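Think of it as A, B and C in the order they're written, each chain with its own count starting at 1.
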Amino acid sequence: MGAGPVHETLAALRLVDHHCHGVVTADLDRPGFESLLTEGEAWPGISPFDSPVGVAVRRHCAPLLDLPRHAPAEEYLARRTELGAREVNRRFLAAAGTEVFCVDTGFTPDRLTAPRELAEAAGGRAYEVVRLEAVAEAVAAHGVEPDEYAETFRAAALEAVSRRGVVAVKSVAAYRTGFDLDPARPSDANVTEAARRWLAGGGRLADPVLVRQLLWTAVDLGLPLQLHTGFGDSDIRLHRVDPAHLTDWLHLTAGTIPVLLLHCWPYQRQAAYLAAVFEQVYLDVGLTLHHVGPARAGAVLAEATEITPFRKLLYSSDAYGVAEFYHLGALTFRQALAGLLQERVDADELSLPDALRIAAWAGGDNARRLYGIPPTDTDHRLPDPHLPGPDRD
Amino acid sequence: MGAGPVHETLAALRLVDHHCHGVVTADLDRPGFESLLTEGEAWPGISPFDSPVGVAVRRHCAPLLDLPRHAPAEEYLARRTELGAREVNRRFLAAAGTEVFCVDTGFTPDRLTAPRELAEAAGGRAYEVVRLEAVAEAVAAHGVEPDEYAETFRAAALEAVSRRGVVAVKSVAAYRTGFDLDPARPSDANVTEAARRWLAGGGRLADPVLVRQLLWTAVDLGLPLQLHTGFGDSDIRLHRVDPAHLTDWLHLTAGTIPVLLLHCWPYQRQAAYLAAVFEQVYLDVGLTLHHVGPARAGAVLAEATEITPFRKLLYSSDAYGVAEFYHLGALTFRQALAGLLQERVDADELSLPDALRIAAWAGGDNARRLYGIPPTDTDHRLPDPHLPGPDRD
Amino acid sequence: MGAGPVHETLAALRLVDHHCHGVVTADLDRPGFESLLTEGEAWPGISPFDSPVGVAVRRHCAPLLDLPRHAPAEEYLARRTELGAREVNRRFLAAAGTEVFCVDTGFTPDRLTAPRELAEAAGGRAYEVVRLEAVAEAVAAHGVEPDEYAETFRAAALEAVSRRGVVAVKSVAAYRTGFDLDPARPSDANVTEAARRWLAGGGRLADPVLVRQLLWTAVDLGLPLQLHTGFGDSDIRLHRVDPAHLTDWLHLTAGTIPVLLLHCWPYQRQAAYLAAVFEQVYLDVGLTLHHVGPARAGAVLAEATEITPFRKLLYSSDAYGVAEFYHLGALTFRQALAGLLQERVDADELSLPDALRIAAWAGGDNARRLYGIPPTDTDHRLPDPHLPGPDRD
């Protein structure tokens, strides 16, 4: 990590990770680990270790497993197995230096830690983010009449967000339809008709009318809405998840709920534009930063913040499955932001107090303010597992 | 500012600002100033000062108000009020070092300086850019039959551009429809029909047929056409103002008028492509440079010039309302271009004479050639307010 | 060129240029040379020498013609004429340090070297890439019934790729329709109907149904498919050649043929995404690197490799016509990749062995593996013109 007061401040800052998932609790074999390392898959002859994220894992995660920097993949995997999932997870989660985790609990193809388990392993606190597609699909799975779908879904979502510790909802509309949608709230009749088709056919919620209805239900719920945008796995059609396509919908919903654009890459500048011209829009470059690794995280963050108001930038890891990503996400964020700010301080383009203020905002204060997360008042190095928190009763 | 002969040359160069607006003549209170500082609005709890452009203002404008660099927003605003609009405007306009201003006179929600006032305050000369939408909307406001709209608009535009000192026309089609338009000249019948709808309904000119007719009227006028592209306020649908969408229209109008792509961000590479393959296309990164600030202006300009022929790059501030932006626009342009060129000279990728030639071209000569603006022959440091100029009679 | 072991290794590496064209064999006059220097045209008053690629030619090619660095255009052209095409071509091709050329033989508006001539002048080996549009248009020119078009084209393509030394096929669908196509294989009836229209009307193959049929014929052929994406001349509609638009087609053809995205700029990040999530996708930034020149090649390559698996990156020059581009393409690639890797080694973000491995992969091994090109076993500095190669019998 670079030197200078901004680096030191960011290195010591306890982060708010406003969007992440759980960690796989089981031991992972090589194919299992490699498939979690990439947004693609593990292909014959093309190891995910031979990619920017794989290089970053070998460089920055190996030392936490008592290996030398740049340890070969084989040694890395062997040591990981030797230590066991529990110890590996503990080490990386502790290293992340994250105080608050806002955990998306709606995507669980693997057996993952619950938010509380995650936070305990990290010595932090957990809040929950409700994935609306998961709620809608549970409603469908439970059985519902098409003309009752909208109301049943709304009620189920309302119940889900009423649980203690829920601070936001999330949509993966990006994966289902992209954002080139009619921005208007669909009529009841249209929703019923679309629900009839979906409930008859089954499968994931991917009907454009129902996706629109889901986004408008988020408005009704009144909580901040996290939206996956940009980079993801091959289910994404990248050109359809440019957040600029949300503009009409953002006009219609102005004055209602905060909207948090997640990931954004390669549309980080489009996201920055939206954050600059819409009061309710915020952004992060989670997922992106650890996938591009420290070598490029600074460049991506610099683009993402070219015009973004400094109160609109948040931190997330979007870590899923492997504990490495909590550490790597936090590390790349700290380094990238510190590098960007310190460079400006060094060039006298930014004052040091301003730089430290921006670091504290992006590292946690913006998220705390937005989600209403209380500041911790305990010793940062010794988090109290009995700290009262939404997910701890 | 960096060191080296290219920096010195650019620092001393009297610029041609080929696209800007007037300055607000009245004193501005805090909300008034903050709302002009951003392409968004001034939101509760999120000051525009806490953004890249706000940081740049505090860093680079405060000293011109006799304040320390990075002065707090409160002090900055207090001092601004103390000095009064007239003195503040005078200081920033003089500091811009701009010899020629091409002023878009068609957007005046505030009481702004006329081109002549602006130029006099800056010790420069003013030319005028006629905004075609303003002409069309004046025609509509004055009353016209639908079947006479096209001809009346054309005649009004012709009259407007015949005024002394008019060097170009401008369109904000980007704000009204975006560029995903049928490129062909619309038929008279279609224009009449569209005019009927518009004249009955009122409002801004935003009908696709009428926007196309406006763009083709620009071709008839024979003057260079400035086109807003990319970044702007929330009226923009960013994905619809990628200038690549103009390609078919550029094919149809090849050999007629020069087309100047303004701002361009985040589509500066797309704009560069068009400038590289269409003889008539030119570009600038005005507006963008001061909004991203000196910390990022070099990066944006470097992308904008990756393949742009060096005779195709122009300077504009696109300053509107607050005098700070004339200074900041000029400063970021000088620094960014000098940094880019000097770095290449230092790496022996570019010869110093070539670098100086490119600096002179982009800083003014390209615009002078394109608009037919005569070179000044007076002492640069002591501009003569009685200099004969198109806007001075 | 920078210093350090990665630079030295890349400077010495004999490259595989997996996509290029032939060199014009005749002497070129100034208009002829300038028009080949640009993807635009040579316009009055705007010399292609006054562009990034022109600056790069004067800097990096002039010394090979015994001129000083940054020699003026006039001197450059005079010396070029003095030496004659044969000698000029020999010098630049030898300087490229390329061992293997995969030559697209389907675009020949000028009289170009055959692959074998090209390789002999360079002291390397040649393979051939069959441009499918050229095959289809030859079928049409030869005369065929609409209902036999599909089968006749397929047979002709099969025959073309059965020639010794053919390692891949290529499509310029980007130039004809862009990628916003129905991804499904078109029905026989639709192809017949489209062929009837095309064969009656003549001209280039640009019908969307026939372009789709061409892409699916590539799948049938079973060879790697090179696809022009992004940057090209003014025939391109840039927003329609974002390779992300291929996503649905890539899903449908997964498990069949490798797909190589050529050029990509300004969509290099979109291309990287596809290479990261689809097993069959590879990319290069050929053409782009020499057009942006050494001053920006590193920045573009860095974006192109942000998430690209290191086994998915290839080298191409996409040189056409002027021999300068073989040299400049190779030089910018070597410098850009070496700069990127060495910087990471210096920052301890990458180990030196890993950096050298990545350099060897991208410089040739990835292409050799993909196209089944045997490694040369001769002394790299003294290539044997009698080396057995597919194009040498």
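One rule holds for everything that comes next: a residue touches a chain if its C-beta (ideal position, glycine included) is under 8 Å from a C-beta of that chain, and two chains touch if they have at least 3 such contacts.
Keep in mind that what you see is a predicted model, and the values were worked out from it rather than measured.
Visitor: What's the rotation angle, in degrees and to the nearest 5, for a C-alpha fit of chain B onto chain C?
Guide: Value: 120 degrees, nearest 5.
Visitor: If I list every residue number at the interface of chain A and chain B, are over half of them used by both copies, so same, or under half, so different?
Guide: Different; most numbers are used by only one of chain A and chain B.
Visitor: For chain A and chain C, let me know how many angstrom lie between their CA-based centres, rounded off.
Guide: 38
Visitor: Between chain A and chain B, tell me the centre distance in angstrom, where each centre is the average of that chain's C-alpha atoms.
Guide: 38
Visitor: Taking each residue of chain C in turn, which ones touch at least two of the other chains?
Guide: Not one residue of chain C touches more than one other chain, so the list is empty.
Visitor: Looking at the complex, which residues from chain C come into contact with chain B?
Guide: 38-41, 43, 45-46, 48, 50-53, 55-56, 59, 69-70, 231, 233-234, 236-239, 265-266, 291-296, 299-300
Visitor: Which residues of chain B touch chain C once you look at their complex with the stated criterion?
Guide: 242, 244-245, 247-248, 250-251, 269-270, 273, 276-279, 302-303, 305-312, 343-344, 347-351, 354, 358
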